[in-house]
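Next up, some structures in structure tokens.
Shared between the two complexes below is chain A, which pairs with chain B and chain C, respectively.
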Partner chain A sequence: MIASPQVAHFTEPLPLASGATLREYDLAYETYGTLNADKSNAILICHALNASHHVAGTYADQPDNIGWWDNMVGPGKPVDTNRFFVIGVNNLGSCFGSTGPLTINPHTAKPWGADFPLVTVEDWVDSHARLMDWLGIAKLAAVMGGSLGGMQAMCWAYRYPQRVANALVIAAAPNLSAQNIAFNEVARQAIMADPAFHDGTFAEKNVKPKDGLTVARMIGHITYISDDQMEEKFGRELRDGLQYGFGSEFQIESYLRYQGEKFSEYYDANTYLRVTKALDYFDPALAHGGDLAKALSPATARFLIVSFTTDWRFSPARSREIVKALLKEKKNVTYAEVDAPHGHDAFLLENPQYLGVVRAFLARAAI
Partner chain B sequence: MIASPQVAHFTEPLPLASGATLREYDLAYETYGTLNADKSNAILICHALNASHHVAGTYADQPDNIGWWDNMVGPGKPVDTNRFFVIGVNNLGSCFGSTGPLTINPHTAKPWGADFPLVTVEDWVDSHARLMDWLGIAKLAAVMGGSLGGMQAMCWAYRYPQRVANALVIAAAPNLSAQNIAFNEVARQAIMADPAFHDGTFAEKNVKPKDGLTVARMIGHITYISDDQMEEKFGRELRDGLQYGFGSEFQIESYLRYQGEKFSEYYDANTYLRVTKALDYFDPALAHGGDLAKALSPATARFLIVSFTTDWRFSPARSREIVKALLKEKKNVTYAEVDAPHGHDAFLLENPQYLGVVRAFLARAAI
Partner chain C sequence: MITRKDFEAISQWIKPNASVLDLGCGDGALLTHLQATRNTIGYGIENDDAGILQCVANGVNVIQSNLESGLKEIDDGAFDYVILSQTLQAMKRTEAVVDEMLRVGREAIVTFPNFGYWRHRWQIVNGRMPVSDNLPYQWYDTPNVHMCTVADFDVFCEQRKLRVLSRLVMNGEREQTLMPNLLGTLALYRLTR
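Moving on, here comes the complex of A and B:
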């Protein structure tokens, strides 16, 4: 499947949760499959921390550049592009095509950098809704995502209840725990402590706070995989015996450094700061005195909630909070707790039970 | 109880696990209680990551400077200084009085800094044994410690089996897991990425890599307390409403930054690097083909192994590995899994069950 990234330009100002307004902005997106005549077969895929609109397939000129959810989305796959018209969108504030800190700020002719406003899950969903308007899609057959993407799917369901027929909320949580926020904050401190960060104005100085981003990603990565999986994959294996120095001695060190450095090459530090803040802020119950059921009450969608047994970032207990709130409001909800060894990352990986659950849920979705 | 720090100077070279040799060195120590006539009532306390020889009591000129295990050690306390002669020692490589990276290197007349050798748990125990020689103590009534201190107690028991009557190994593990090493490595990377680190030569330049140390401590701190405890203490509580900025918005952020910054004021970055490496390296089973029982086989001490239910740094399962290995070798071992909400930090805190177990175990220790 060959994908073609596209860009939609919006000139109607977007009011943000912070009180700021984006006067105009681009959203990068991709589509797979064919929109049917009554435009009722569209599925929106929301991405998590470091992903993009490139959900599935490859690019004609980049045959190795495979979409991040290619095992989930495509012809005959659980999200079957023979039946559905699938849309991937890059979130505002990101660094892969939609307007964000690396974009030139029309007011200053310099990269937005530190001046790019903080964006929330609600802001993203509002901008997605405008993209749906632009595509002429009044109601989505489904909106789905994993992790932060699952939070966006949940938000869609209560914020635009008439526009979502099915919501798939995978490896998500109703909000971040203190420990989740703590890990995000340490990552942000690592970035902001990097002298190349320059208070967020590094892009106009043509430098990148790579060391800070590397540490931030290493911290994040630890929370994405399960303790057991890390033990099984790396354990205490050494690369080349004990060196009594500060190079990479254990395989796990080498692996994490590699992951961190790779990430620091392609990801934007200001985006990282903003995406982790969007995670920290997400808390639909807050406006309802802590009552998640009340927050989800407007939703009319069928829900699929999926969690993974070894996910310690957003544990099954957090998904069950969502399920409980939905049941309290007598919503149509299916819950699957998938036995998987991979921790949080499981939502991106091959797992027949997991993929089967999504397939079966969507098979029962009317379009 | 008023304590007086003392320093013992050693001129016999100490060969280290790395192959390096410390030609001479100081060990800072304190004692509490009175050594009996046949010198059979001594208990050595080994410290964990950031503690020191100041285990109990206060200083005459610093009435607020209370020892780190003052709830455990003192007259009438579980480690009763009316009965025992208790010794606290600061480990080599530390920054509180024993020879370490901040000490002047006699060869160069500059601080050791990056040139200070890496030290291991075994090296520490060897140096402790010399301190016991210096104090004229042939055999310890007990050696005890929590976390990294527990590893030293364990090491004492198999490395100097004839010199340890009782070993109390609290909140420890037979080695670090891949995840444990991963957290240590991220902390080290944060320190080494700080431009004020200057490859470890910061002391001679009169600067300190405080930003890196702050991040390192924040990472560590997350692993010391349980998820539940963090949730209960801080949850998603805000300091002053949502600010849509990168200051401390959530109480947990503010708490961690405070802890990190406080730590960066008094702790040495080169010490942090070395202490985390000593943790990573500790693995008594390694020299015995992975057989922990074989590694512990020389020990003759009575053992008390204590773990805490919510400790996710060194979980009860890790303590049970030690217990299992000791039982396999038919050692005298008592195991207590203490129900405590505080995570790894529980070994430092008030807990009647925990303190009672230590008290009862030592009451049965012959002196």
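Moving on, here comes the complex of A and C:
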């Protein structure tokens, strides 16, 4: 499947949760499959921390650039593009084509950098809704996402209840725990402590706080993998015996450094700061005195909630909180707790039960 | 539609448009039946992966959970009926499960194979563990750890101050009113506190 990224330009100002307004902005997106005549077969895929609108397939000129959810989305796959019209969108504040800190600020003719406003999950969902207007899609057959993407799917369901028929909330949580926020804060401090960060104005100085971003990614990566999986994959294995120094001696060190450095090449530090803040801020229950059921009360979608047994970043207990709130409101909800060894990353991996449940759930989505 | 003989009987006890929780719902067939016949709002609880997949395929709301660890996701009195169909005998903590049912439901419906059925007794008299249509397992592979008779369950309810709102004992497709504990194969109870 060959995909081609597109950009939609919006000139109607977007009010943000912070009080700021984005006067105009671009959203990068991709689509797969064909929108039917009724425009009733659209599925929106929301991405997590570091992904993009490139959900599935490859690019004609980049045959190795495979979409991040290619095992989920495509012809004959659980999100079957023979039946559905699937949309991947890059979130505002990201660095893959939608307006973000690396974009030139039209008012200053310099990259937005540190001046780019903080955006929230709600802001993203509002911008997605504008994209749906732009595509002429009044109601989505489904919104789905994993991790932070799952939070967006949940947000869609209560913020635009008439526009979502099915919501698939995978490996998500109703808000971040203190421990989750703590990990995010350490990552942010690593970035901000990098001398190349320049209070976020590094882009106009043509430098990148790569060291900080590397550490931030290493921290994140630890939380994506289960303890067991890390033990099994790396254990205490050494690369070349003990060196009595601070090079990467253990395989796990080498792996984390590699992942971190790779990430720091293509990801923007200001984006990382903003996306982790969006995670920290997400808390739909807050406006309802901590009552998640009340927050989800407007939703009319059928919900599929999926968690993975070894996910300790967003554990099954967090998904069960969502389930409990939905049950209290007697919403249509199904909950699958998938036995998978991989930790949080499991939502991106092959698992017959997981993929089977998504496939079966979407097979019953009316279009 | 696949129906077990107790489905019809249970359906008769359910008020239209009621909310129903089916514990150990398997593929969701009972909930599908109740939705069709009584327009219920139903949810199943199932622990088995295959059951979850079947429920999703059948369009039944299902929550993957282990019954033995309680129904933590469900508030007190959230459901009109909580059903445990032919699963009570496989529960390790029978009393706790019945307590949980009557915590989250206004009424509990429990069905179980009657261990007191004469063919079961006869097999024991002949020195063997009972095996029948309703008890299809051998002693070494049975999931059933807490078998009881109709008389046992009556005493259980009485001792725990559970009010029996309805009781139906069946033999095959028929109701068994004469000597139900001897001639009945399946017992159905509707309980409240």
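We take it that the second predicted complex is superposed on the first by the 367 of 367 C-alpha atoms of A that agree within 3 Å, B and C clash if a C-alpha of one lies under 4 Å from a C-alpha of the other, contacts with A are read in each partner's own complex, and residues count from 1 in each chain.
In this section, contacts are C-beta pairs under 8 Å (C-beta built on N, C-alpha and C of every residue); 3 or more make two chains touch, one makes a residue touch a chain.
Values in this document were obtained by computation on a predicted structure and should not be read as measured data.
Colleague: After superposition on the shared chain, which partner residues are touched by A:219: those of chain B (first), chain C (second), both, or neither?
Modeller: first
Colleague: Identify the partner contact of A:60: answer first if only chain B is touched, second if only chain C is, both if each is, neither if none is.
Modeller: Touch status of A:60: no partner.
Colleague: Taking the superposition on A as described, I'd like to know which of chain B and chain C A:192 touches: first, second, both or neither.
Modeller: A:192: touches chain B, not chain C.
Colleague: Look at A:328 in the shared chain and tell me whether it touches chain B only, chain C only, both, or neither; answer first, second, both or neither.
Modeller: second
Colleague: Which partner does A:356 contact after superposing on A: first (chain B), second (chain C), both, neither?
Modeller: Only chain C; A:356 stays clear of chain B.
Colleague: In the overlaid three-chain picture, which partner chain does A:252 touch, first (chain B) or second (chain C), both, or neither?
Modeller: first
Colleague: For chain A, which side has the bigger count of touched residues, chain B or chain C?
Modeller: Touching more of chain A: B.
Colleague: With the two complexes superposed on chain A, say which partner A:366 touches: chain B (first), chain C (second), both, or neither.
Modeller: Neither chain B nor chain C is touched by A:366.
Colleague: Share the list of chain A residues that count as touching for chain B in one structure and for chain C in the other.
Modeller: Correct list for chain A: none, the interfaces share no residue.
Colleague: Provide the residue numbers of chain A that touch chain C in the complex, in ascending order.
Modeller: Chain A reaches chain C through residues 304, 320, 323-324, 327-328, 330, 332-337, 339, 353, 356-357, 360-361, 363-364.
Colleague: For a test of understanding, state which residues of chain C touch chain A in their complex under the given definition.
Modeller: My answer: residues 19, 41, 43, 49, 52-53, 55-57, 59-65, 72-75, 78.
Colleague: Per the contact definition, I'd like the list of chain B residues that touch chain A in the complex.
Modeller: By the definition above, chain B touches chain A via 17-20, 117-118, 175-179, 181-183, 185-186, 188-190, 192-195, 211-212, 214-215, 218-219, 222, 227, 230-231, 233-236, 242, 244-246, 249-250, 252-253, 256-257, 260, 273, 277, 280-281, 283, 286.
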